[in-house]
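Encoded as structure tokens, here's the structure I'll be asking about.
Think of it as A, B and C in the order they're written, each chain with its own count starting at 1.
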Amino acid sequence: MAAGRSFTLGELAGRLNARLEGEASRRVQAVAPLEAAGPDDISFVLGPRYVKAAAATRAGALVAPEGLAGLPGAVLRVAAPQAALIAMLRLFHPEPPVEPGTHRLALVSDGARVDESAAVGPFAVVERGARIGRGTRIGALCFVGQDAVLGEDVVLHPRVVVRNGVRIGNRVIVHPGAVLGADGFGYAFDGQGHRKIPQVGGVRIEDDVEIGANTTVDRATLGETVIGRGSKLDNLVQVGHNCQIGEDVILVSQVGVSGSSRVGNRAVLAGQVGIADHVEIGDGAILTAQSGVPNDIPAGEVWSGTPARPTGEAKRIWAAENRLPELLRRVRDLEKRLTDLEKGAK
Amino acid sequence: MAAGRSFTLGELAGRLNARLEGEASRRVQAVAPLEAAGPDDISFVLGPRYVKAAAATRAGALVAPEGLAGLPGAVLRVAAPQAALIAMLRLFHPEPPVEPGTHRLALVSDGARVDESAAVGPFAVVERGARIGRGTRIGALCFVGQDAVLGEDVVLHPRVVVRNGVRIGNRVIVHPGAVLGADGFGYAFDGQGHRKIPQVGGVRIEDDVEIGANTTVDRATLGETVIGRGSKLDNLVQVGHNCQIGEDVILVSQVGVSGSSRVGNRAVLAGQVGIADHVEIGDGAILTAQSGVPNDIPAGEVWSGTPARPTGEAKRIWAAENRLPELLRRVRDLEKRLTDLEKGAK
Amino acid sequence: MAAGRSFTLGELAGRLNARLEGEASRRVQAVAPLEAAGPDDISFVLGPRYVKAAAATRAGALVAPEGLAGLPGAVLRVAAPQAALIAMLRLFHPEPPVEPGTHRLALVSDGARVDESAAVGPFAVVERGARIGRGTRIGALCFVGQDAVLGEDVVLHPRVVVRNGVRIGNRVIVHPGAVLGADGFGYAFDGQGHRKIPQVGGVRIEDDVEIGANTTVDRATLGETVIGRGSKLDNLVQVGHNCQIGEDVILVSQVGVSGSSRVGNRAVLAGQVGIADHVEIGDGAILTAQSGVPNDIPAGEVWSGTPARPTGEAKRIWAAENRLPELLRRVRDLEKRLTDLEKGAK
């Protein structure tokens, strides 16, 4: 993915609001990690623990925080190195411009409203009553159902499904294969079989959410399933019907949140975590990978394991488990010695 | 998803075969949960544990079982409240009628047989030899492979893949992104590499099955993978090659069933359960969330944990684990005291 | 999926390089497992543990290793029965020939290079700069992004997404719904929200890899995510950004490998295993189903559980856990008896 762009260190210093230690006319061609960078590349040092790798790098220049010593060669000093890295990656790899218009091989139904600055890719379907906002891109092979509403500057990568009535805010990014608004999983067993409870609610995806590849967010039975502003869902995540996911939440790959559960703002659910239904995860709570959560989790706490416990307890239990076979032997030995002693004491 | 429909309580009483306590001419606009309902909404009380919430509701009317006391306002009394709720949701949110015919932008191969009452959506592909039954809907962007057979009143939501030769019964619902009939995962290691074992069997989906978004059901190596009548699979479920899933089975989201395993009728596998290959899950067995099942499970039992144990045992072990660090200390203390005593006894 | 082919045992002996015990002119119509085979079928006996089932089979003929006694009827004796089974399945179920050419309903952009022996299916999109090699098949409804490179004899089943710049070797098979090259999951929290780190790296899929339905392999932040030669990924697997998956690796269904982890050659990760980020799994290591792996795993070892431990240890712990509630009682009893004894000793 060589972008074919290059910058002088002087240009980069200007763009990144950086202080340059080195030659302004030196030109770099690409961004690369410390280990892989060559003399034509610029690399980055996010903090002290990368100084050792930085000392050995062949990179032509480095982006680094003010005050970090021990760095070789040209350095662009910045106040916030992660923000500078993001800006620099965008300089070298600019987003392709939106080419407005509906592709001749797309199908936009009569009665759908697509802003003239929006783009609809080939073999995409936009059904009647759907609204597509300013600057939004509908990728190839996407499906946008009846009466769905997409805000501004949304990106649907190719082959996303947005079912009928789903509402999506601004600057939302959805990766290929995601399915927003499929029916929730609800049945009533009547003694003969499972009767489907019609799933007639909706889904609301707030601004600045990102949704990973092949992730599924089900529509509500009644009311709405909500993904709050700024939350980020990785690939293959499941969000059940009527869940309320807060703001700036992180759901890592293969997490499953069962129906009607609530996840508080800024909570982090690591990979493969499972949340039971009707559970409440407090604001800022962290669940480590593969945790299984049958009950509410207090705000701000870190929990682990199945069933989840506070991580400190879980770690003590895991350490103790390692000694469990030995403990059985020790108890057997104690019993024998005690019996001997009891006999002697009689 | 306002459906724009409204009914008088008298009309609803007739449709739901209910006994009305209240004013027959009163009109309601929508169905809503007790907490969210307003005076123009009708809500529902499925049993005694919702009476407290019902007492506080602003709903204009309630559907409730005969004999349940303490409910305010107008009440439609029914014998089976869940069935009535389902019927009422269908009244307010009727299924859109099938618009028969093949969309001009669909591709139906010569030699495919599509019933004239069936519908094939835009950019859908139906390959040669495939048969599509009466009233069946093939959504936009679906793929139905060669010689696949779909029964009557099947719904393939947009972007489903049904590979060649897969057989689907009547009234089956498949949600977006599901893949039915991909190759099973079978290789023979010959010392040099993994050689693919051709997966030449099929998949049979029986009547009244529902399959969730992005779920995968693999074809058999030889013979058939079977999903039995009335079973319901949630999103992101994996069913491996040659599995035999019984009737009225529930597989909750992210469950994985490995190759050649059998799941008995009416079994319930909760979220993220994993079943090893060649395992038999007895009729009516329940596996709680995240269970890992290396061996057979007896019919009618409830098991939990990894490796799965009867839930009663698993709960006792989880409770005991909480005391494990303390137990280590107590045993250490016992050893010390016993040693002291043994010295004294000499 | 009856293929309509039949062979005499003499023909099969020739094709499979087998020694025939039986009548060369006898004709068989299909391959079937021992239990399901009838007199017109040929079945197979891969080793001694299937001899009992073979003795009861109704199959018209068997493929079996040289020297295996106790088999009824006609037998084709072979040196490597698994390889013979694979060859025989291919004889009865030959791969459909590639019909070269771009379907009239496909969209191949100007500036994409599609080999004239390749096939592009209906409603597939191949974007500019993409290169499709000799004999490669792009299924219906696939998306191949800008500058993606596919080698020779690749099979993309219907509805695969290959995003821009992804490089795929020769003889790679990708099942429906897989997404190769979606953005990695990377954000920097700046105190206000999660800022997206542009994911500008690529994905490289080496020769002879197979990728399951709805599996996701994310592109690297910088550099490449790599799936090594001959590795096989089952359905619904997640491979995070910058992972390095070695050669001949097996990732069973629903495995998740977090960002920047490395999996050594010939490692096997069973179903639902989760690997943390920046972890190294040694060559030939085996992780049993549902293992959770926070740290490196040594080459050649077998580990289990969460957190993963050597399987021998894990099994001893699981066995000891079964006795944990009883152990608590025994320690309580010891404490009481010891206290009594201590009182007596005073």
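Observations
As a convention for this text, contacts are C-beta pairs under 8 Å (C-beta built on N, C-alpha and C of every residue); 3 or more make two chains touch, one makes a residue touch a chain.
Quick caveat: nothing in here was measured; it's all calculated off a predicted structure.
Comparing the residue numbers each copy contributes, chain A and chain B share less than half of them at their mutual interface. Between the two copies, chain B and chain C, the Cα superposition rotates by 120°, quoted to the nearest 5. Between chain A and chain B the centroid-to-centroid distance comes to 26 Å (mean Cα coordinates, whole Å). Contacts with at least two other chains are made by residues 123, 141, 159, 177, 214, 236, 254, 272, 290, 306, 321, 324, 327, 331, 334, 338, 341, 345 of chain A. Listed in rising order, the residues of chain C touching chain B in the complex are 1, 3, 31-33, 36, 80, 82-83, 85-86, 89-90, 92-93, 105, 121-123, 139-141, 157-159, 173, 175-177, 208, 210, 212-214, 230, 232, 234-236, 248, 250, 252-254, 271-272, 289-290, 305-306, 318, 321-322, 324-325, 327-328, 331, 334-335, 338, 341-342, 345. On the chain B side of its complex with chain C, the touching residues are 107, 123, 125, 141, 143, 145, 147, 159, 161, 163-165, 177, 179, 182-183, 185, 187-188, 190, 193-198, 200-202, 214, 216, 218, 222-223, 236, 238, 240, 254, 256, 258, 272, 274, 276, 290, 292, 294, 306-307, 309, 313, 316-317, 319-321, 323-324, 327, 330-331, 334, 337-338, 341, 344-345.
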